[in-house]
Structures are given as C-alpha cells and as structure tokens.
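As written, the chain order gives the labels A, B, C and D, with residue 1 at the start of each chain.
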Amino acid sequence: MKKLINAPENVVKEALAGMADAHSDLIRVHYDPDYIVRADAPVQGKVGVISGGGSGHEPMHGGFVGKGMLDAACPGAVFTSPVPDQMLAATRAVSGGKGVLHVVKNYTGDVMNFEMAAELAAAEGIEVASVVTNDDVAVKDSLYTAGRRGVGVTVLLEKIAGAAAEAGADLAEVKRIAEKVNAQGRSMGMALTSCTVPHAGKPTFELPDDEMEIGIGIHGEPGRTRTKLASATEIAEMLAGPILEDLPFQSGDTVLAFVNGMGGTPLIELYLMYNELHRILKGKGITIGRRLVGSYITSLEMAGCSFTLVKLDDELTRLWDAPVHTPALRWGM
Amino acid sequence: MQIQAEHVIKFVELVAARVKEQRDFLTQLDSAIGDADHGVNLDRGFTTVLSKLPSVADKDIGSILKTIGTTLVSTVGGASGPLYGTAFLRAGMATADRFELGPDDLVAALEAALEGIQTRGKSTRGEKTMIDAIAPAVDALKAARASGDDLVTAMRKAVAACEEGVKATIPMLATKGRASYLGERSIGHQDPGATSSLLMARAMLEIVEGIS
Amino acid sequence: MKKLINAPENVVKEALAGMADAHSDLIRVHYDPDYIVRADAPVQGKVGVISGGGSGHEPMHGGFVGKGMLDAACPGAVFTSPVPDQMLAATRAVSGGKGVLHVVKNYTGDVMNFEMAAELAAAEGIEVASVVTNDDVAVKDSLYTAGRRGVGVTVLLEKIAGAAAEAGADLAEVKRIAEKVNAQGRSMGMALTSCTVPHAGKPTFELPDDEMEIGIGIHGEPGRTRTKLASATEIAEMLAGPILEDLPFQSGDTVLAFVNGMGGTPLIELYLMYNELHRILKGKGITIGRRLVGSYITSLEMAGCSFTLVKLDDELTRLWDAPVHTPALRWGM
Amino acid sequence: MQIQAEHVIKFVELVAARVKEQRDFLTQLDSAIGDADHGVNLDRGFTTVLSKLPSVADKDIGSILKTIGTTLVSTVGGASGPLYGTAFLRAGMATADRFELGPDDLVAALEAALEGIQTRGKSTRGEKTMIDAIAPAVDALKAARASGDDLVTAMRKAVAACEEGVKATIPMLATKGRASYLGERSIGHQDPGATSSLLMARAMLEIVEGIS
C-alpha cells in the first residue's frame, strides 16, 4: 500500500488537523465527535445545511463548508458513514433558528445514521428536513431495492441549496430546491484502477492491466460491468449514453455539466473527457450552460472519472452563479 | 438455567475477541460486494464497547445492553452500526431492569433485536443481508423451545440454522445494502453482515454451553 | 497503460479543446502554434507575463492564465519543452506596449527554446525580460552544471509576478519581484509511483511496491535517492529538512507554504502532509503566513507530493493576496 | 567526390527513417536518465521535415539545411530541438547558395554545426551529451582528411570515433541536460542524444558510401 499516511486509524483525524490549519479563516474542526463547521456558525436566521459521509471522497464534504455552501460536514471513517453523534452535534452547531437541512447520499448506512440523528435533533426541538441524493444511473432502480447511489449530484446540490440558504430561503424552500437538483440530475462513473482502503491495506478489487470498471461507485464498490480498456471517446459514450436516456435529457435543454476525477486522474485527462462530453452534447442539441471540471467527489487514489448532468433553469443557474467561498469551491468573493 | 449480567458481559467480550480475529476476513467479504470496511467497522465498535463495560458491570442486563447499543451506534457507522446498535438497544428495552433472564426471556430479547433490525433497515428476508442469518436462527430457536428442547439444544439448532442462512446468502441477489448496487454481480458472494451475525450466534452458544 | 485518452499524439490538443470550452470566459486557445491566452489580451499598458513548458503538469501553466496571473501559456508535447514559435506567437499576442516577461523553468530545453523566442521577439521590437526558476533543492547546484530544476516556486511566482503586472508595475519591477520570489523559495518532491508518458506507453521508471523516490522532478526523472517506504511524518522530514537548511529558513520567518500533489495523490493525503509540515515549521519557530494545498504542478498520474516554501515579506504577501481569476486559482473576484 | 542537394535530401530521409525505427530505443534510453521523450521528439521533428522536403528539393544546399533546421526548432521542442535545429541552421549558413559540396566543405559544415550546438547548449565535452559523440567524430574526420584519407575512409573513421564517444558517455557523470539532476545516479547509462547523433553519423556514412 503506497500512501502518504501514518497509522491507518489516524488518517482522518490528521487530515482534519491539516484542513483546520490550512483554512482557519473559513472553518473550524471539532473532534469527538468529528465535524467541520463554518467559522461563523451558527448563522442566526439562516437555514443550516449539513452533509456528511465516509472520508476518502475529499474535497467532499469538508471542502464545501463555508459561505454559500455547507454549514457543516461530518466525516466518517474512510468509506464508512459517520455516526449519529456527529450529525447531531453538527446540527446543533449550525442551528440558527430556521431549521437544518441534512443532505444525505443514498447509502443504507448514511440514510440510517442521518435518520437517527434527525430523530434525536427533532427531540431537542430542532426542525430538521432531509434530502437524499440518488443520481447514479449505473444502479438499476426499483421500489424493492435500496435504490440508486448518491454521487456527483451531491456536490452540485450542496452548492445550489447552500446558495438558497445563504440568500435567506426558509427550510421548505431550501429543501424544494435541493430536491429539484436531485430530480434533474443524473451521473455515471468508471474506474481504470481500484483504490486501497488504508485499513484494508490492499486494493478493494483487482483490475487487470487491460480492463476497466464501468458504473463504479465512489467506495471501490465494483461497477455495472467490467470490460476491456477503451478510448476516451468510447468511455465518454458509455457514461453519457445512460445518463442522457435516463432523465431523459433532450435537444434544447441547457445543463450544468460536471466532469469529475476519482482522485488519481490527472487534470489533463479530465479536460480531454470534458471535450468528449461537450462533443456528445452538442451532437444532441444540448447546451452546456455551466460546467465544473476537477476532482471534487473522489474515491481515494482511484483512477477514473464520472459525468454528472443537471438540467438547468433560471433559478438553478442563478443559485449556481451566486458567490461561494469554501476550501474547494470559490467564486464571486 | 438462568442468564446473568456477567454472562452478557462475557458474551460481548467473546464477540469483541472474535470480531478482532475475523476482522480481515469480514473486510475481505465486504471487498467483494461492498466497500471493504465491515470488519474494520465492527472491530472499532466492539473495541470501544470493551472500554465501556467496566462502567456498567454492576448494572441490570437491560442497561448493559443499551450501553452496548448506543456505543455501537456512536462508533461503528456504516450500515452495520445503526443495525447492530438498534438490535442491542431493542434487546435492552426487552430486558429493562432485569438482573437475570430465563430461556424465554432470551428468546424474546432476540426477537426484539431482529424486529429492530428489520424496522431500521426497512428490510426483510431474502435480500442478502444479516437478516438472512438472524431470522432463521430465531425461528429455529423458537421452534426448538416450543418442542421442549432445553436452551443449549435449542441454541445449537439455532446456530445450525444460522449457518444455513449464511450459506443461503451466497446465491442470493442483493436488493438491500451496498451489494444491491451490483445487481446480478452480487450473486455468488457470501454476505459480510450475515457472517458477522453468525459469529455472534456462535459466541452466544458458547456462553450458554458454559452456563449449563 | 491506463489513461482516459485517445491517440497519444492528440492528448494535448484534445485537452486544450476541453479547456477552451470549459473556460471561454477567461481564456482563448490558439492552435498551431499552440498557446493559451487571456480572453482580453493584449491588455494595453500592462506588462505581459507568459510561461510555458511541457504538458502533463496541469493545471500548470494553462490553468494559471487569466486576470492577475499569466497572460499566456505555451504547452509543449507531454514533458517536452514547447518550441520558440509558440513563445514568439504568445509574446506577440500579449504585448501591450510595456514589454513581456518570460517565466522559464530551469530545464535545458525550456531555457534554450525561450531564449530563441526572446531573440526573435526582440528582433521584432518587443522588449522581453526573462526569469528562470530553479528552486529544487534535490539537485546539487554548481556553476558548472545545468543547475537546479524549476518546480513548485514557479506556480507561486506566476501568481505574485502576475499580480504585480496587473497592478501596473513596469517590466523591470515585475522582473525584480519575480526574481525575489525565486530567490526566497525552495522546493523538494517525492514519488510513490512512476508516471507513464502516453507516447512511451509504459512507466518511466519501475518502483517496487515497498520503495519510493526522494528528490524526484516533475517529469518522471528519477530522484536523488530511492528508499524504503516511510511514514508521512518521516517523508515530511525528508522533504522539509533540505529545504529549510538550504535558504536557510530561520526562526521568526513567515512563509508561504505550498503542499503540492503530483497528480495521482488524493487530497486527504495532501492535507495530512500539510499537517506534518505545519508541525515541523512550528517546531522551528517559522510561521505559515499563507498556504496553498492541492495538485497544481503535477507529473501526469504520479503519486507523491512536493513541499515549497517561500519566505514572505509585506510586498509578497500583498501581491499573493491580490485578486486572481484563472481556471485553477481564484480569489477576490 | 561531390555532394549534391539530392544527397542531402537522401541523408535526411534516411535519418528520418532510422529515427522512426529507433524511436522506442531512444525514448527508453531517455527514461533511464531523462524524461522518456527523446525518440518521440526527434520522430515528430523529422516526420515534419519529410513533409517540407518537396518544397525545397530544387533549392541550394544551404536553403535545404536551413529549412530542416527551422523545422526542427519549430517541432522537436525539448533540449534536442534547439540543439539539432541550430546544428542544421549553422551548417546551412556554412553552405549558403551552394548546389555542390566538396569533402572539405562538408567538414566545414559539420564543424559549424558542432560549434552551434556548443554555443546554444553552453556545453563542452565530457558533460555526457550529444557533444561527446559529435566532437570526437568531427576530430577524427578532420585528422583523417589531414592525413590524406578520401571522404569515405575518413567518414568511416569518424563513425568509429563517434561510436567510441557514445560508449564513453556511459561511465560519465552528467553535468548538463536533464541527466545532470541525477548526479551520481547518471553514471552507468548511455546518453540518448549521443545515441541519436551516432544514428545521424551512420546515415551520413551510408550516403557518402553510396555516392562513391
């Protein structure tokens, strides 16, 4: 296992300490229970927006704490949902009297832990609403299963819902907007290599030199299919095709396009993939109104990428453009 | 035969030891159809539970079980944290203020635990989860008791059913938990949560055998 | 070779096309000769600041083109210095009447190609000054050798000199400031894995599973020593030690600390390494006044990191804080 | 024996073909002590040169060589682009307006080329670069001519010296170019640029042998 770490069990805490010092103007880190919170929390009269999940997806979520995005983030152990204690403490820390929105990725663990925290917070008199992201079209959906995973849409939703909260929207309104982003967003990802969970010490899966995984999750879960390596053009089709069909996205639509790196993918490849996505969408009469290219929701050092598309309207575009100032996303201030 | 608070504590100590031994194996099972953390998660949780036990050693069984449950909820994370945590909490509620349990109290506590998992997980049998190990075990335990078996015999039958249940997860298509994302590819792998449940069932049998 | 690419010979052009579309508000891309230029170039009455080098180091340099940083960047083939035609065309494109500064990393190829371009530009009547970065303490320096490589300081210098140019400084002044950053900056890097040049198709060097390279460059050049894997704490000491001794940095100094990922390193590890660096500096009485943590000067998909320290004074701090708006670095606007 | 424009063109075509054949080998040498691009760089440059040749086929030797030089400068990049580019440019200046060259004109052109490389590269012998292949070759060529050898014989001696020169780079400590960053670790590896220079010297010998 080749990693820049000390003992596996200290990875999360040591990285948090680094974040705390590197971004002391924006965030504070609380330990035991662990959470990252806006330096000026709680902001009175503002809906608090919090999220959380396993670590190993950096900058998500901690890197999105700051003005115009998240009020707090709860980092679990690597790839493991955080525990209710963290979410409850974070909920209290950001509660400014207008309620708190929990942004939850649809994984059984995340959903259950956030549910328990929401029950406890409600018992303390804090109004909590939840939105669950489930945008991964690689997973077959059905009423009888755990449903789809929450992936790339989560980042975009946190930005957009965060902007709504910052602008003073009430809890129902922030939740409505968050649900709209999720409803209008779809994602799919792929991996060229596996990742290694520090505690496990060896790659989660073995991928031969000439194969890749299509429809991968962000936890080194195996994907939809394993296939021979293909060109960037072919991979882009494999990812964009199922996304476009699913919503479906149509000619005339304007989208927010997000090309995301899985952690071990160099930026030059992400721009190349963005070029492929751009070409595909153009061919279908779909306009890229806004875009984000970079490694924002990662899977440790996994090489690979994901595409996310969210159908834009004026409201979402305006909220996307609103100023944001966090460790990982910043514009307008 | 009566089960005392010390037996509950011995049971949890044994589970903690077994989890540590089986940590890598459980994590490996979770690599195949999950995210390679099940053993690590449980080990973190039960290690913390061990450190909490001294403070509840003189408490009633219900309090001990509730402390174990809240500790698991607070430290395990993932899916198994809330599930096993809820199981111990519910068992604790079923045994509140009790310093001794008879065989049927134990059965009732286990039934409450199973129900807790099903409610928290919104899941049922046949979805390739820990329920496929626990539910047949509880069924076998009840049936054996109903037919007059003593607790040890009944518990042996329960562990056998649990083993069958774990094996039965192999050909199943997962519809809940992380393995469900794999669809057809989940077939052919043993569920890690069912496997850790079997570990606990075996530990319980060992303790019960020790009492008699 | 596992990469998100099509034909190796098209990687640079296809990635440029992606950048051009993703950042059309900030930059324009010119092809044959290839260069990236600020959308509003040439800015009249402003010193033009350009840089360039082989591709494969993204976001450097193209990602630093925009307001408050570079006016243009010339991307060569992967790990290969661009050619004088590119630098000459870029120099013309950014020439606003106050001269043009060439920011050159000290590699024989880069130096010679920029030199030829500067000669040609001068022949056309454009005033050109050059600054050569050579901050890599892993390389033993001497009057008789090619000297040290330009690495991490280049990024910081481009930001700071770019801010001076944006504020209206003349060519001599921009050059003075650039030289100050280089003089006060030192770097050192390490690699856990090799990278693979697309055209070569296989890793530049073989690194056994239990070894790492210390003192690596940014082109997959082998480093100073190969050694057994070590903990993050030990690696941080191996990098920070030679840097601190070299300038030397002293108790009471305030520095700009830059923890850089090599391309395949996840952010969680960079924050963890930043935490180590912070601890070391604190122990020596050195204050981190400003910092940058992320993958900004990379080596394709290489896993590893580098540290760069620049001694700060009021002038440099002010210029670092000045607004910047480029694809990869943005604040204050 | 006279060298005509067509021979220069044949020479460059032969170099382009050999560079393509040896591309991966040159790149591999550059992996060991450089950045794994020397073969790729030269191949890109000489492939473009080939496409430019038709447009200068009827020009004088000086113009042909200058076109080759500027094309190399414009397409190779890295260290070898300006170096080989300057070499051809200087050789072109030494042969301006000439449609035919005698043996001593060729020697003069090669001397000019070497000087160009040294000036551009601020380098000299013994630094583990292409100069360690070219300089001994030029020396041997001059010495052979001075002792009365015909061009073919002299060129054979030059190629032999060039081969020795390439071998001699192996134990050298690099002080210029990318290999210098390696310090002691540069010892034991053959210089890629010296190797490509030998390839060109051999091509030149082949052409000269073909003329006589």
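One rule holds for everything that comes next: a contact is a pair of C-beta atoms (placed from the backbone, for glycine too) under 8 Å apart; a residue touches a chain by one contact, two chains touch by 3 or more.
Worth saying up front: this structure is predicted, and the values here are computed from it rather than measured.
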{"item": "Mutual neighbours - chains that touch subunit B and subunit C alike", "value": "A"}
{"item": "Chain whose average C-alpha position is farthest from subunit C's own", "value": "B"}
{"item": "Rounded Å distance, subunit B centre to subunit D centre (Cα mean)", "value": "76"}
{"item": "Rounded Å distance between subunit A and subunit B, as computed from the means of their C-alpha atoms", "value": "32"}
{"item": "Rounded Å distance between subunit A and subunit C, as computed from the means of their C-alpha atoms", "value": "29"}
{"item": "In the complex with subunit B, residue positions of subunit A that touch it", "value": "33, 54, 76-85, 107-109, 112-113, 115-116, 136, 138-140, 142, 144-146, 149, 197, 199-200, 204-205, 217, 219-222, 224"}
{"item": "Of all residues in subunit C, those that touch subunit A in their complex", "value": "2-6, 11-12, 14-19, 21-22, 55-56, 58-59, 63, 192-193, 209, 212, 229, 231-233, 235, 263-276, 278, 288, 291, 293, 295, 298, 300-301, 303-305, 330-333"}
{"item": "Subunit C-facing residues of subunit D, complex", "value": "24, 27, 31-37, 40-41, 44, 73-83, 120-121, 175-178, 180-183, 185"}
